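Chain nomenclature is as follows: A, B, C and D, assigned in order of appearance, with residue numbering initiated at 1 for each chain independently.
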């Protein structure tokens, strides 16, 4: 098959518009050939357990799944009873961008909280952390946070520690939507476990797709006491891959060496370069502090419309004029510089 | 990454124990690089529409998804109302092997019918096709058949035509679980549409994984009047791939040329070779007529236990001693001959 | 308000076509007036606990609900995990007559078993009691039986003991759909607990509506270790009555004295009288042994059509010509005699 | 059975702490005796259709159900597709007080909007009325309002007209949670249809329990084009009463004459009397304008604690010290005066 697209064209729309890292494709090739037990009985999925224990501690269990929606819904199902509720930020992907899958497919009741920048705090959690023992209220059982957040911001390790301590005090467990957890680690310059396992996180949706995989996420059960039925629920959630060796091989390629960190660090650096190039331009207002690989700014809607025809990106909020620019493992300095120059040109009229 | 497994080891456990066909991996490589719109806005998914129209007719719509459970549940959700029921064979994968996903995740009520060999008929359908207008009964709305069946048997085009005519007369639509639809086409020596579109099938779960893909199935809506909400339901069913170009590219590689037919025909031929080699062995009783790429036989349990240590395969039914042998696109004549010889040896004691 | 119907007209269609027993209405009157805490905080619901402990043992907990579908689905939800399955007879009300509510509303996977007369046995249970640990199979967790059955037959106490022992050995719990449990007790001439609590039953849907209540059933958790989340699940199952005192008062009227037994015994006796009057009529074939308050016979379809215009009753199975005649607490000897005479007349032509 | 409670004790906790109006009990008595078809085939349910058409117009269809949670979830299920969402006030009963039943049992995604006093407006609706065609967002399909609201406030007929016009312009339908619709009619001094049918409302959960019934609500489909599958969904929602004649007879007693209006007008008047008696007391701050039968005030927590021991009522919001006082059809002037005097006494210390 011949390529149908231009492999040199890149934009700033999303890190899932990028393709797969060559090392990832090579790993799939290495795992190919011959027969291996399906549904996770293969040697690659066995090795994957060791890789994840290395990053998240000896108790960690890794359950490969297909996509982020699946990872989140499965995590939350395994952490809750059928009468439970999940406290999350109003801007959480699980509340906003999964088409209602958590409620409709997962039977989950979400209790969203407005936040200034996508980050919960113990005080914000308390706005919904009420009503235990009252059958008229779905019982709060999990706090779900996103790291890095949907608005490109970061929790420090200490902030996550405080959330975990507070949640645990109230009898709740903590889930991290880690679609971009690698970007967080790179930005915080910390090992993955330093702001998850070590500060009390219970279950993580660990993202691979946005960091250079073809497909695949992993539900990491850091605290096995906080999740039950994972094996069965992964099947009923329709997230059990038959040829799981290929999901696992990709994650081994990502996490056994430093590919995860190289790629995430690079995309963060490109976002930083973009931020530096545009923040002082007249007509650009930063919407949130860009702390990982995403930059949110307010610009004129006409400028945004013209610019996005040349470099694809997304308008985040029509009402406020906020747009989102995302950098990927394959974003180049030249991409950033050309884009910043184009923006400057458009702003000048 | 180095291979962790022996790429020369193969067995007869399932066609999902095989890996990916080299042409499929090449297609992924061709589709890689640069940025493409996510969630199906890419050029490969656009081309895929044409490929599927070529096979299934101009009205056909192709919705790539991750796996077979997802394809089946999504198809049936799109074909039903929340108060509907689905008539299927008692041995249907959707009833037996999906961990309850249809009921638990899809909210589907199944009405299973015992069959002699995995195949429904109009008369068998009538055993459950009752109760319309009675609110105490989930309303039969879909007949779901599997082609080739879970027992390795085949419907002729005429048999499917009769089922479709009967179902349509009763106001029901017809779904085909086509996990192995390519094997059926090869065995029947018919174009795909000849026993689907042309005889009245409404929606198909078209399998890729068991015919040499890394991952991926396609829900083919042959009759758009028989399904609604596909786009939204694919998302809530957690089957929407972000980097969809890679699912689509695999299917283009499979279906644009004749790879699908070569691979399926080969696996059928290997099953035929195996059947021929073993059917007359004393101690072997054929359980079903092997019409595609699967062979079901009754053998002594001790023989099965010893043999499966050397060549992995599955005991299908402990109670009756039936075992299942599945051939794949990469099964070789030497594999078959060695296996048949080993069986003969074990049977001789 | 004036009556709109003829209060002297009665038939044999169902015990839920009868009204309420006068003692039940009197109890509602007694419980009326003044304010009482809603949602079960009232004194009648407190007293109800004692009444049920008296019948089912000191560990029994009573949860009033609205109707039988609700009682069954709630019971089974509380007894299962989201990945569990429930083994039941193919003719079970939960499988046949609840419009798919168990699957669609309760997220339950049923594993139905064909039976000769509506009764399961350990051997029949074993046809579905397989697959623990296999994520592709919903995990059998509960056996649900109906006493008296949907076909008017009875389990002996010993038969239920054998089912409970077998289920418990396999790690499953036992639910009884006791819509007509009172009829069973009257027919067996045993206290309620003798064929439930004392032989190992875990949870019961205890019927009131068909034994002379306006409305109301009670989920009786005989073994609190076998159910969890009852309070919350009753709310999410939409079965939490705000003015619960009126459900509870009805059940107190039924169960504190012997009203339950008088009424059930009477309806059984009327079915017995009917059986005796018709069993030897030419053209009448008994379909099942009538052991409680229901009589199932095969008669000519034209006879059935003419007769049911004079005395309403239901054709149970169009295909086989089986009809069902149900007696109620208010069925009189004269009703039975007139009906039997009419049948004899119709049969004579 | 003897009364177990004091029929002269009343409080201000909820209108569902009251019992049934004597005329309602009389209607049940009139409907009792003899046999009537179950599940709504009876003459009372037939008459009920006429009664509701009289109040809500010739197209209105009335579906009796058991309780308010059931009425709301059933209404919203019938008005939506499986991928739809429902816009409601953050304080809506459906969002706050149904234990997650809408999400968990109904598969509904709610899009709550903060409001000043429990009332939505077109502008507030627009905060969530976005994203049609975007599969990542559950598709807004219904606006649900409560009349009178959970905070004791009222929409005018004009305000509801504006909401309906706006919703319909956007392709959405309008549901009214009318648990206290009678109170609204009495307060507005308008026929029921003047602020529902005549201004564009599509479906209503019409409350009976809080206005003097034993139990029972009615889903009124004012616009049959806005709901589908009602009959089947009522069954799967476990809200189909077998002895439906008794639900219908109660509603006939309520609505055929003016009992509904007398009772609602009386409870409103008692709330008005209470409001007048307390609003100028030092230490009492009105939380919302009391427009129907509920009064919300801020008082000192210790005062509230002491007072509620003498006259039961509910603390609505621990954080703000708001308490709720609800008047019923059986609240007397003496009750109100004694309560107001007790409050004044407590406030004086």
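Keep this in mind: a residue touches a chain if its C-beta (ideal position, glycine included) is under 8 Å from a C-beta of that chain, and two chains touch if they have at least 3 such contacts.
Keep in mind that this is a model prediction, so the values were computed, not measured.
Moving only from a chain to one it touches, give the least number of moves from chain A to chain C.
The fewest touching-chain steps linking chain A to chain C number 1.
Report which of A-D and A-B is connected by more C-beta pairs in contact.
When the contacts at A-D and A-B are counted, A-B has more.
Could you state the distance in Å from the CA-based centre of chain A to that of chain D?
Whole-Å distance between the two chain centres: 41.
When the centre of a chain is set as the mean of its C-alpha atoms, what distance in Å lies between chain A and chain B?
From the centre of chain A to the centre of chain B is 33 Å.
For chain C, which residues are shared contacts with two or more other chains?
As it turns out, chain C has residues touching two or more other chains at 82-83, 98-100, 104, 107, 135-136, 138, 232, 235-236, 240.
Over in the complex, which chain B residues touch chain D? Could you list them?
Per the touch definition, chain B meets chain D at residues 39, 77, 81-83, 107, 135-136, 138-139, 228-229, 231-236, 240.
Going by the contact rule at the top, pick out the chain D residues touching chain A in the complex.
Its residues touching chain A are 82-83, 85, 96-100, 103-104, 107-110, 112, 130, 135-138, 318.
Enumerate the contact residues on chain B facing chain A in the complex.
1-11, 13-14, 16-20, 23, 25-38, 42-44, 47, 66-70, 73, 98-101, 104-105, 209-210, 214-215, 232, 235-243, 245-247, 249, 252-253, 256, 312, 328
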